[in-house]
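Presented below is the structure to which this report refers.
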Amino acid sequence: MNTLIAISGLGILSLIAEIFNARKAIVPMTIIGLLAILGLTASEFGLDKGYYNNMVVVDKFSSAFSCLFIIITIFLVAMSHDFYKNQSTKISDFVAIKVFLLAGAVAMVSFGNLSMFFLGIEVLSIALYILAASNRLNLKSNEAGMKYFLMGSFASGIILFGICLVYGATGSFDLKAIYQVIHYSNFPQWYFIGIVLLLIGMLFKIATVPFHFWAPDVYEGSPALTTATMSSLAKIVAMAALFRLVVKLLPVQSYSFQVIIVCVAIASMLVGNIMALRQNNVKRMFAFSGISHAGFMVMTLLCLNNAASVLLYYAAAYAVAGIAFFAVVIYVTREKQNETIDSFNGFGKTHPLLAGILTASLLSMAGIPILAGFFAKFFLLNQLIQTGWIVLVIVAVIASIISVGYYFKIILALYTKDSEQNLPAVPLAYQIVAVLALLLNILIGLFPGYVLNLLG
Amino acid sequence: MSTLLIIFYFLSAITIATAFLTIISKNPIHSAIYLVICFFSVAGHYLLFNAQFLAIVHIIVYSGAIMVLFLFTIMLMNLNKEGEPHKKWATKLAAVISFGLICFVMLAVFIKAMPVIAAYKQTGQDFQSIKVLGKVLLNEYMVPFEFASVLLLVAMIGTVLLSKKEKSVQ
Amino acid sequence: MDNILQEIGMENYIYLSVILFCIGVFGVLYRRNAIIMFMSIEIMLNAVNLLFVAFSTYHQDAQGQVFVFFSMAVAAAEVAVGLAILVSIFRNLNSIDIDNLKNLKG
Amino acid sequence: MEKKLALVLLLAPFCGFLFNVFLGKKAGKSISGIIGTLSVLISFFATTYFFALLQSTGQPVQVDLFQWISLEKFNIDFSFLLDQLSILWLLFVTGIGTLIHMYSISYMHDDENMHKFFAYLNLFVFFMITLVMGSNLLIMFIGWEGVGLCSYLLIGFWYKNQEYNDAAKKAFIMNRIGDLGLLIGLFILGYLFHTLDYATLKTSILSNSAVLSNPLLSIAALCLFIGACGKSAQIPLYTWLPDAMAGPTPVSALIHAATMVTAGIFMVTRMHFLFDLTPYVQDIIAIVGTITAVVAASIGLVQTDIKKVLAYSTVSQLGLMFLALGLGAYEVAVFHVITHAFFKACLFLGSGSVIHALHGEQDMRRMGGLRKAMPVTFWTMMISTLAIAGIFPFAGFWSKDEILMTAFHGNIVLWVIGSIASIMTAFYMFRLMYLTFFQEFRGTEEQKHHLHESPSLITIPLIILAFLAAIGGLISLPGNSWLNHYLEPFFNKAHEAHHLGATEYTLMAIATAGALLGIGIAYSKYIKQNQLPAEDSEIKGIAKVLYNKYYVDEAYEALFVNPLYKVSHFFRKYVEEAVSGFVFGLGKLTNEIGNQGKSVQNGSIGLYLFAFVIGVSSILIYLFLV
Amino acid sequence: MNVSFILILLLFGAIATYFAGDQLAKKVALVFSLASVAGSIYIFNQHMAGIDTNFRENWISNPNLFIALKVDGLSVAMLLLTTALTSIILFSSFGNQYNNSKNFYALVMFMSFAMVGTFLSADAFLYYIFWELSLIPIYFIALLWGNGDAEERKKAIIKFFIYTLAGSLFMLVAFIYLFQKAGSLLIGDLYAIHLSGQEQFWIFLALFLAYAIKIPIVPFHSWQANTYQKAPAAGTMLLSGIMLKMGLYSVIRWQLPIAPVAAKMYMDVFIGLSVAGVIYGSVVALKQKNIKKLLAYSSLAHVGLIAAGAYTLTLDGLRGAVLQMIAHGFVVVGLFFAAEVIERRFNTQEISEMGGIRIQDNKFASMFMIVMLASVALPSTFNFIGEFTLLYSLYNANIWFAILAGTTIILGAVYMLKMFQHVMLGEAGAKVFKAVTTQETIVFVVIIAVLLFFGLYPKPINDLITPALQEIVTKINRQ
């Protein structure tokens, strides 16, 4: 709860800073503030408490994920100053929106009442619509914003409908009350319809097949930093929220429900990876890769009891790798109209450090040890095999194999092609973010126990 | 057939018809007008439920704010002509098919699920007067209420952000 | 009119909402004019709101109606942002036909 | 003491090899040659010591060094055995080896790589000693392959010529085919008896009567024989030996006449206790030997290359030895090995002397009348020719006669064929002599001008060998055989002395008559009628078939080599492509799906929403309506 | 001191090499790799003296994973092989000038680290990590410093990478499954679990996929020839000399003892496949025109034989496999180095463009020939010991396996001698062959010394590996 309040306050603070013309101070101030909030959240870890009529429930799950979101937001904010240097008058708006987005994100993992969940997801979504369209003179950005907005609100409608049916069936929005109802009394079948619609909406947000079509277009069109936000932050927020929803609202799953999850996961992994193979735009490729990762993460829904820590680990690994990836991508492509793979030609020779970081983050996502991505996949498959869905495991493996194809396309471009471009000096912020993200990646790779045991 | 039922059917017919007309009208202005009627009919439904406060708010927000916004935008863009170009028959077909499909599926699903409905019980307690709503909203739902302000704030900043011209940096 | 649900029946409201919701869906799919699509989404939200109120009465519980307020707020915020995006598209493209928005694909 | 001396015996040639490899070039040709010769001579002396020791004590000397290969069921040690058989073999290997080394000092003096030649030759002797001395089959196998390697190196000694290299390669590969057989044989023996040591093997085979009924035993014997076929150039693996004449002549004398090619006979004799128990295999050996003898002899009839004639003669003689082995007359075969070593080495060295004098000319059609220019060479070769033709009282007479006698007692058909081979031998050997040494010189004037007798380093070995070829028969006279007596402990049985009866004398007479017949035909053809073998293009009829060696090489080429290369080509061209294409195909397929997928993702929101709705509908249908 | 210090040494070596700069990199790398050889010998001594140098720490408590390193005869043998060959390979590449040599040598050191880790790991998870880790450096080595057309190289190497990764991922699945059963991935625990025949079959198959691709066994070999050809000499040597031994080692260490029932049941199939590889590799090698490809196919044939021996599940087979792994490691490095020596001078890999080298440099010809003869398993070379033991074990399985696999003796001689003839012999061509340098000579001499010494006296290695293999055979035969 305190986290939520503090984050909202921080957002407002950064808006106020603009008024006092402290534009330069906004980013550092926000980062410091976020660090403080991170400390605050971490200090509350282990608490299991509901605030304000159970509107916000702080438990290990929410605290851990909140910390993760805050860390990622710090990275994203750190890159903002340089990224928005052409729109420096709007920097406070951008930072504020990111901070509010974080508030939405925290709400989505610590909700105790569906209204908080709904508002959280709307804050997150609307912030993202804005960020996607924020490069208003760029038609691609507009198109991305429009597509995201249209499909997003469509999905919101479905989520709302789902919530409505849940309410209709149980007569409450409160998770505990709902829990009581579904465990101790009869309730109409709509409940399940509602849950399913709710889940479909969330599956849309995390971009799984067949609700994934928006993702490549939006990722490609949005400004790179926004793409980073969507791919690293929004996706794992939605996934965590989905996980929490299923844990709280559908603790016992029917077989056919599992089949749906399995189908969605399989389709996402395959479609995402296969489609990514032929992409020439790194952001678009990353979108498809994200779809496949969404497929991976969705599989945690099959083993709710002990998959929370695995999900946390996977999300952390994925997000951290994504941040490192985007830190480099943003730097390389910021002067360019598009983000083709050719932009990376010869980058390995001119910028060995950044190229190395990019390589490492790609390897992490491809699941090569000892980077975190590998452990994430390992723990996930480890959980999954217990559920008995061997076919999923096989598909996951095949998907991983395919994924190497496109991740290595970038690596090939980095090292084997010659460059004919002159890039400006690397902004310090990007470099720091990239290095820190990679370090974090390696650290949680080497000591996975620290993350895994958080929710154990 | 009771009066209530007749009113319900009447209102429902208006709601559905105007909703439909909103969609198929070629002129956006007409669509907007139909939509306003639709909103009013929905408000009528609210009144049927005795939810007066909600009905009022509904009219204020939707018809008053949102529709004005729509109309304003339509005017701003000078879209009040029946200018929508040809649509491919395939997209139409797809739309009709999916409409039919989703409609059929949802209705079928609900019809199949319906028997669980328990008998309607009336407690007689006041649950939807302004007073009660206010209490619920500002006590139990205080946090979401505050959080909605964050939502609106974001929307506000966003709209400004999207419309504001960048000042060139010195 | 406290006995409304006895008279009309919960199921009729559900059907009405569903049909209205589906009309909204239809609209989003059928039209290429972004403004009409927004309107269709509003119809969808309204359908849900109506159902909320019906359920609220069904449960004799104010929460459903409270939720409608949030939903309205969300609708308003969405429309504001959506129209802002629309305006900037219109400025760039001089059109709001979403069929023109096909630069991003593949 | 014995152990050290045995090691000296073994390693002296190896030291010579090392010296020649590393220091040979610096030391100069003469030193290199002398060191090479001395190293073999040391071995020879060591052998004589052991020979004397064995004569006095009668006890074989066993030298165990260390454990070499360990298998689950048994170990194979690095150890050596000096018994009657191996010492006998060592005597003539090192003895003839020394002579040939000596000969080579002069013969190879003009070659720039003489030190290398001696290195290889020493290495060969080393491996040959290993082969002979090894106390188990696997040590023998080291030598077995080692001599094959040296043969390869020496055949291809003039490696600039790719044809020679082809010949060397062929020899090595043909040998390897046999080696595979040998190895399989070893596996079977190891599997059956858990040892490869001769002594233990013998006791376990003899003590284990149950094993007699095991067909594996025959297979093992057959496999060993296949190995022997490769090494000793028997049908079907003989074709390498004539080609091996590409090497320098001393090599042909040492390796391809006197020592290495007899390794097969050595091995069969070593394993006599096994072959004794497998009569079918013995029959096969006898038949193969006989056929080889006659086939090779018939090819030898028309060859014009002096060394090729000798090569086919060698194959033919080896065939006779196998005939004896197949009939169980091991000591007879051994006897012929020894006499053959003497006269064939002499013949090769003599031919080398001729070739040396003619500066590399090997075609007998370009020779003639050398008798006067090269008397020593002529006479020594004449003695050896008489020996190989089987003329009394030269060495070959006794040994060949014993083989034919054995054959007569064994199977009359074998005797007939063997005799025909002998007649042929007499014919082509005298053909060789007549064409080379009689009549007029047919070479160029240039060559004629330079005709000369070879230096003493060449003639001395010739004389010694000719002497041995003349008197070699003494070691095993019928009725009073020192050799048989000497080998008795090895064969573990008292040899019943031949009773020379009427049959025996008749047989001797027939054999001599046959030899004389062959000589007579040769005389009438090449001296009386003064014929010359036709030029290559004019050869017709059966002669052409013979001249082309029954087209066996071509047949092998068509039957084995070409199909193999075709298969290889097929594999490389199609199977590899297919396998690779399959893997790439999977990649291409996914890529293609990706490409198609791109057109689905066509940027239209309508489509996306449509998919969304379809997705929602199908999930709802599946969950709630099905 | 436990065995982990070698890993630390190598990793530190890789880092130090990277930071030493382009000038010093190779020397630093060599120093560290020699130090690791010394370390391995120390471990060897400790092991022979019966001193325990195992290492085990809990790494992740849930799931229960360990950093566990196991020292037994088998792993020590592989450790020695890896460190020794790494030193040789490093030293052999001194004759080349590489761009960014610090990266190159650091990658080689890192690869050595990963491979040593693979051989030492006693926890399947750690083992898998090292297994995958070793793939990354070789990928970059082959990609960045390889030869031939860049596009084709990329294609070949990405194929190699994806192919091997694909195989190993199935291995990971198998391990995960085993983890569910055993509750830990410690090798001892994995040996101890009881699996049904069905389970064993699938696990065996999954592991087989990984190993068959790595080794490679026909028909999973299609990555091999092209990769060997395109990779730089050092890369090819690392791949063929050590890396494919990882597959064979794993068969012995992991696959067979974990799924013995399946291994026994389908023994003939897997031996058959391996033997097919022997013949196939030999036959294809007959017609190769590229020397590195020819050596690749010969390697395919040899490792096929090793795999076949391992799948016989007998002590002889395993022992032969290990001996031949070591022997083949040295021989193949020698052969590829010979190809590299020629390429340095003639700038080609096409056999048709070579010839007449022996005339110009007899020393090189002799050394090449010895290595070549070792590769065709001439008795008294190390390879003969291995090949003999292997063929003997195959004979014990089935005589036809021995005969079919034995054709490698013939065919190997055919293609090797043919290659030697056309590469080395004949008249000198137009190209000048500069005499081999001292540095190149040293490489050959070391390799030849090893091959001949152990060819005559394999006892030390035998004594080292036999107890370990005996134990594995016991595990295979457990009920």
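Residue numbering begins at 1 within each chain, and the chains themselves are lettered A, B, C, D and E in the order written.
Everything that follows uses one rule, which is that a residue touches a chain if its C-beta (ideal position, glycine included) is under 8 Å from a C-beta of that chain, and two chains touch if they have at least 3 such contacts.
Given the structure is predicted, the values throughout are model-derived calculations rather than measurements.
Chemist: Give me the chains shared as neighbours by chain B and chain D.
Modeler: A chain counts here if it touches both chain B and chain D, which gives A, C.
Chemist: Any chance you could name the chains that touch chain C and chain D both?
Modeler: Touching chain C as well as chain D, we find A, B.
Chemist: Most central chain by CA mean?
Modeler: So the chain sitting closest to the middle is E.
Chemist: Which chain's centre, taken as the mean of its Cα atoms, is farthest from the centre of chain C?
Modeler: Looking at centroid distances, D is the chain farthest away.
Chemist: Quick one: point me to the chain whose Cα centre is farthest from that of chain E.
Modeler: When every chain centre is compared against chain E, the largest gap points to B.
Chemist: Weigh A-D against D-E on C-beta contact pairs and write down the one with more.
Modeler: Top pair by contacting C-beta pairs is D-E.
Chemist: Centroid from C-alpha atoms only, then distance chain B to chain C, rounded to Å. What do you get?
Modeler: 5
Chemist: Could you state the distance in Å from the CA-based centre of chain A to that of chain B?
Modeler: The mean C-alpha positions of chain A and chain B differ by 30 Å.
Chemist: So the centre of each chain is just the mean of its C-alpha atoms; given that, what is the distance between chain C and chain E in Å?
Modeler: Their C-alpha centroids are separated by 66 Å.
Chemist: What's the distance between the Cα centroids of chain A and chain C, rounded to whole Å?
Modeler: Here the centre of chain C sits 27 Å away from the centre of chain A.
Chemist: Would you pick out the residues of chain D that each touch at least 2 other chains?
Modeler: 587, 598, 601, 603, 605-607, 609-610, 613-614, 616, 620, 624
Chemist: Where does chain A touch two or more other chains at once, residue-wise?
Modeler: Residues 115, 119, 122, 126, 129-130, 133, 136, 147, 150, 154, 189-190, 193, 216-217, 405 of chain A touch two or more partner chains.
Chemist: Specify, in ascending order, the residues of chain B that touch 2 or more different other chains.
Modeler: Touching at least two other chains: 91, 94-95, 98, 102, 106, 109-110, 112-114, 117, 140-141, 144, 148, 151, 154-155, 158-159, 162-163.
Chemist: All pairs of touching chains?
Modeler: Per the contact definition above, the touching pairs are A-B, A-C, A-D, A-E, B-C, B-D, C-D, D-E.
Chemist: Residue numbers of chain E touching chain D in their complex, please.
Modeler: By the definition above, chain E touches chain D via 159, 162-163, 219, 221-223, 225-226, 280, 283-288, 314-316, 319, 356, 358-359, 362, 366, 373, 378-380, 385, 388-389, 391-392, 395-396, 399, 402-403, 406-407, 409-410, 413-414, 417-418, 421, 424-427, 456-459, 462, 466.
Chemist: Which bits of chain D are touching chain B when the two form their complex?
Modeler: It comes out as residues 606-607, 610, 613-614, 616-617, 620-621, 624-625.
Chemist: List the residues on chain A that touch chain B in their complex, please.
Modeler: 4, 8, 11-12, 15, 51-53, 55-56, 85-90, 93-94, 96-97, 100-101, 103-104, 107, 113, 115-116, 119-120, 122-123, 126-127, 129-130, 133-134, 136, 186-190, 193
Chemist: Quick one: which bits of chain C touch chain A in the complex? Just the residue numbers, please.
Modeler: 14, 21, 24-25, 28, 34, 37, 41, 44-45, 47-48, 51-52, 54-55, 58-59, 61, 63-64, 66-67, 70-71, 74, 77-78, 81-82, 84-86, 88-89, 91-93, 98, 101, 103-106
Chemist: Can you check the complex and tell me which residues of chain B touch chain C?
Modeler: Against chain C, the touching part of chain B is residues 2, 4-5, 8, 12, 15-16, 19-20, 22-24, 28, 31-32, 35, 38-39, 42, 45-46, 48-51, 54, 57-58, 61-62, 65-66, 69-70, 73-74, 76-77, 79, 84-85, 87, 91-92, 94-96, 98-99, 102-103, 106-107, 110, 114, 117, 120-125, 127-128, 132-133, 136-137, 140-141, 144, 148, 151-152, 154-156, 158-159, 162-163.
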